[in-house]
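Consider the two complexes below, in which chain A is the common component and chain B and chain C are the respective partners.
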Partner chain A sequence: MSTITAAENASATTLRERKPAKGSRSSTTTALLMLLPAAVLLITFLLIPIGLTFGLAFTNARLISPRPAEFIGTDNFVRLFQDETFWKSLRNTIVFAVVIVPLQSACALGLALLVNVKMRGVNFFRTVYFLPVVTSMVVVSMLWLFMYQKNGLINEVLLKFGIVGPDWLGDPKTALLAIILMSAWQAMGFHMVIWLSGLQTIPADLYEAADLDGADRWQKFRYVTWPGLRATRTFILITITISAFALFTQVNIMTQGGPLDSTSTLVLMAVRTGFQQQQTGYASAISLAFFVLVLAVTLLNRYVTRDKDVVR
Partner chain B sequence: MKLTPTTKRVAVGLLAAALPLSMAACTKGGSSSSGGAGGELTMWTHNAGNKAELAAITAIVNDYNKSQSKYKVKIQAFPQDSYNQSVVAAAASKKLPCILDIDGPNVPNWAWAGYLAPLDGLDATLSKYLPTVLGKWDNKTYSYGYYDVALVMVTRKTILDKYGIRVPTTDSPWTKDEFNAALKKIKASGDFQNPLDIATSFTGEWWPYAYSPMLQSFGGDLINRDGYKTAEGSLNGPKAVEWATWFRSLVTDGLVPLKSGADPAKDFINGKSAMLYNGTWTAVDTRKAFGKDTLFLPPPDLGTGPKIGGGSWQWGISQNCSDQAGALDYMKFAAQDKYVASVARDTNNIPATDAAAAQVKGYEKGGENEVFLDYAKKFAVLRPVTPGYPFIATEFTKTAQDILNGADPKQALDQAVKNIDANQKSNGYFQ
Partner chain C sequence: MSATVTTGPEGLAHVAETAVPEQHRGGDRPHPARHALGLLLRIVLCLVFGLPLVFMVVSSFKPDLQIFDDLGSFKAFLPTGDISTANYTGVFGRVPFAQFMMNSVVITVVTVVLGIVVNSMAAFALSRIGFRGAGGVLGIILATLIVPFETLALPLLWWSNQLPFLGPDGISQGWLDTYQVQIIPFIANAFSIFLFYQYFDSIPKELDEAAKVDGAGWFRIYRSIVMPLSGPAIATVAILTFLPMWNQYLWPLMAVQTEELRPVMVGIDYFKQLNTSWGQIMAYATMITAPVLVLFVAFQRSFINSIASSGVKG
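Let's look at the complex of A and B:
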């Protein structure tokens, strides 16, 4: 009896031991297999190109050339740091990001608060504000190109108020501003929807409690809504920053970086150098500089939006 | 067979993993060697958006396919905007078609890169062509075109008469002072929004094509054509600075709009501008509007005689075509005068040979378009014949735009020279 029990116990133990072991081995294999497609795609289309960029940045590789690329050390970077267009592009990219992040997120939050009311017809306004987002950026850019003309719609409206508008895209002083305003308008609807989803996760009883405490509207916003949106805030900050740094389409269509480099951006400069001017090596150096910039901003972003409660 | 959850999962995983692999296999299996197998010659053209030209080329191809049974040419048309990228991408994977068309100034670049094969045995035929429609590099001819385009000052006789401006001719064009005075006179009258429209709203190749001839008329150039080693002194010498200062003054004096409208020809027809600087392609529309009153004048002599850009789209054969003999056979067939005439007629451009010109209405002796042929013969300057041209073109475009917007002329030109010289040097001067 006792031996049997021991044997039973033993077999039970082995079974118990074997079962999870077998399960974990096969689930590791499955996990690896499941990972494979994504990994293959990521490696082919992301890691290898990034690796190539690192390598090419130190060569004089060309898009069209019968000559093999040669290693030229840091020549590309020396040239880059002496290039005035690079510094202007860098400045424009940073100015664009610094202005558009607060502008666009604040406007989007305002819209979200406006359409977050229980009222008839509110869905109509939600749709209206979201429309520019589903319109292609190329189309939006072309439309605004006409509106920004010297005798365009915007200046005609301004004239009604007795203001003589500038040649928005033709004047180095206003060109970047014009592109910022138009970009904010286009993407605002998307972030409005995200703010809206954040607003609707805030429990209604918090507002009821605030009402009972006699809080006014501002206090309710400051002490209920704003803290309730922390996760949403982080997400919006990161997505706007990233899309701001990738600024290209609008500029490429509306100004091609002009006048006098006042709207040139790093991405535009890299594309122009790499494709129109066929300098693959130099364009890689620009991309590498861009990579470092984005990396720095992402780290900063993570630091600023880190979970302070956990740190404490 | 009963599938347990685990096997199912593994199977799905394998399937998912196999997907990209099978896709890779597909692309591999689907790739055939470059056009030319089995007597079929693939042809690429940038004409997808240009019905008239595509139809004219298709007619030639149909004639050729009917004329013999050994080869069959197959046309693939691309939109112009993405055409160059398509060719570069195809060249990178050695999949170029046998026959392709090329924008004239790019020929040396593509010939140097080994995309194009020289057109052997066509010298006798091509000697009758306008020199500006032939793409040459390193003493070999790589391409020929059916037509050229001339740059003209379009205006109306009534306008010139009204302000007492002399009608210039090929032999005695306006001088720089005469031209400036004429524009200022029109400006002073206030009758027109723009005395002159030089179509600054056009992008891409238009800038070097249209404005580098002005620089050349002043006595400057995009690069020193002796060896193509440096732009120093050509693009930033005193003559070039003079050109840049004058170019900017057109805007600051209010003679030319900084940014033209989307369709400058329409603005001219609607009476917004008194004069239009444009290619001969505007002749059809402007004549329709003003009839015999329309004048197509030579550009002004800004110092060394009037200059206009030369060279338009041309045809060549690729180096990796597996049937060079077949491609050459087509090129010979298609170089006949009657085809030069038909393409030039259908596209409203200047026929490349005299024999063809005689067959195209308007270009015969005393015809209304004969003057265009005259300009193309007397004033045309090829863009620099160096593989570095695409780079020079983008540099010049940016510099000219900056100058027009008020950049310091000398500084902007110096920067362009520095960049162009660095590029020529980094390529070993394309030897």
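Let's look at the complex of A and C:
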């Protein structure tokens, strides 16, 4: 910090007094100095690790090892493709995303529509729906771990309606579903706010005009709201999908991937191999698979929304 | 509401020009029954989102046995029966809670403050000063936004173990099990830079020119003109750094093994090991959620706005 200030003072008092600053050498120097801390940090903790994900995946690197990592070609990938847990984790990760993306985005849109009205107390509702978002996933996971117990809160409530609930987290058939439901519950308020900000960009005249035309609620939604949310929609789909692929905390706290790997995910598997078993090379191969998945979704989304961009 | 629907711009324009009858304007007002139904729905949803948290707080004051006994009735959500702070005392007896809390506060506050300084300076350099290649640098920064942290976590863990660190005791190798490994990797943030960049771009450039005439240098302009005008952007970046930092779990779980350096979220694992006391877990959960809830209630508008502005990205 002090070097920048010094350099700045020097340049201010001498060189640049009356010069047009744009593009001058001293202002480029200042710009680079101000960029420097962020650049160094981003290179060290973002760009190099990105490169390492690719590099280490082809080595036998171990987290803590006296021997340097050796290049082992595609061995990690051969092993990965033969690893049954990998396929299960990949499948769970994709199922999780495929279910939670429509579920969470639709419910969040519903919430946003419910609180996007002029009504007394609407702020209160908004705040309450948002509360789980500011509660950490760790806390939410512990809380739901308790509520999902066989004789836990959820089954007790279901019993009041005459339903005998399953052993949510103990049964391979319901464990992933249980995690999907609580994840949607936690993050819905987040996407409600994003939908809401999208809703508020739609000009009120459009609704007034639709009113005058006698449009009913559904027609207003179909012809005014839905087209007006196009950009928001794309954003929400991408963010939910990517964060769904990164599923880890809930699973690690609630099931550790069990029962019978029914809730194992790519990130959980990467942590297990790369951290607990210290096989950094193998974990990097898993991370790379995860990254390819994210990239594929992003590109697919670009491709799908491409035509509509032209029309607009 | 009963009029026929005319679609197409001509229809709309035609109607818009005619005078609007009063009743028609109020046509959006729902039927009383419908209104009541809507209200009921909103209240039910309130229960769905709010009650689990109420349950958490209420249970933290109850003995374990009573928590289970109360599950079958509304008592689960009411502070009834044998209410005490025994679970809280229990938490302090079981884990070094004050230490965990202090670690989390230090890690979060330092990252937020340094993050604001470092990222805003970078954004200032890119947006207001500019230099040859600034566009390319911004492009690279934005491109990294699609890489989720989870893909880098394991390679970063390995990498952190290779890094040297110049501390008060000289040079040491390996960042694992330190404070800095929980702070320094998270200071520079591509999205924060982007948010600052966007905001700085909206501040009139004439201010810079005027300041330059008065002899101010770029750093002076940054510190005395642009930053004081950037309150909303600073608040957004602060909140969007604060929340994930406070809630961090994956990274400290792996990078920190020493108990004295651990943050609050990882501390919850202690309660899952030997004989689980749900009352204590709820007490712990309440205590680590409270700071965030207090901040949220105090700065509600900023919280909501910052989340909303993260959607501008799309």
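The definition used in the following text is that the second predicted complex is superposed on the first by the 270 of 312 C-alpha atoms of A that agree within 3 Å, B and C clash if a C-alpha of one lies under 4 Å from a C-alpha of the other, contacts with A are read in each partner's own complex, and residues count from 1 in each chain.
Everything that follows uses one rule, which is that contacts are C-beta pairs under 8 Å (C-beta built on N, C-alpha and C of every residue); 3 or more make two chains touch, one makes a residue touch a chain.
Here the structure is a predicted model, which means the values were calculated and not measured.
In the three-chain model built by superposing on chain A, chain B clashes with chain C.
By the touch criterion defined above, A:Ala61 reaches chain C but does not reach chain B.
Contacts of A:Leu41 after superposition on the shared chain: both chain B and chain C are touched. One of chain B and chain C touches more residues of chain A, and that partner is C. Of the two partner chains, chain B and chain C are each touched by A:Phe275.
With both structures placed on the common chain, the touch criterion links A:Phe291 to chain C but leaves chain B unconnected. By the touch criterion defined above, A:Arg79 reaches chain B but does not reach chain C. Contact with neither chain B nor chain C is seen for A:Thr201 once the two complexes are overlaid on the shared chain. Residue contacts after overlaying the shared chain place A:Val139 against chain C, while chain B stays out of touching range.
In the overlay built on the shared chain, the residue A:Gly170 is in contact with chain B alone; chain C does not reach it.
Shared-chain residue A:Thr30: touches chain B and chain C both. In the superposition on chain A, the residues of chain A contacted by chain B and by chain C overlap at 30, 34, 37, 41, 44, 63-64, 275. Across the complex, chain A meets chain C through its residues 4-5, 7-9, 11-13, 16-17, 21-23, 27-28, 30-32, 34-35, 37-39, 41-42, 44-50, 52-53, 56, 61, 63-64, 111, 114-115, 124-139, 142-144, 146-147, 151-153, 156, 159, 185, 188-190, 193-194, 196-198, 205, 207-216, 219, 223, 231-232, 234-236, 238, 242-243, 245-246, 248-249, 252-253, 267, 270-271, 274-275, 280, 283-284, 286-288, 290-291, 294-295, 298. Against chain B, the residues of chain A that register as touching in their complex are 26, 29-30, 33-34, 36-37, 40-41, 44, 60, 62-67, 79, 84, 150, 167, 170, 172, 256-261, 272, 275-279. The touching residues of chain C, counted against chain A in their complex, run 1-7, 11-12, 15-16, 20, 24-25, 27-28, 38, 41-42, 45-46, 48-50, 52-53, 55-56, 68, 71-72, 76, 118-119, 121-122, 124-126, 129-132, 134, 137, 141, 144, 146-159, 161, 163, 184-188, 190, 193, 212, 215-220, 222, 243, 246-247, 249-250, 253-254, 265, 268, 271-272, 278, 281-282, 285, 288-289, 292-293, 296, 300, 303-304, 307-311, 313-314.
Taken in their complex, chain B has these residues touching chain A: 6, 9-10, 13-14, 16-17, 19-20, 85, 88, 91, 109-110, 112-115, 203, 258-259, 390-391, 394-395, 398, 401-402, 405-407, 415, 422-423, 426-428.
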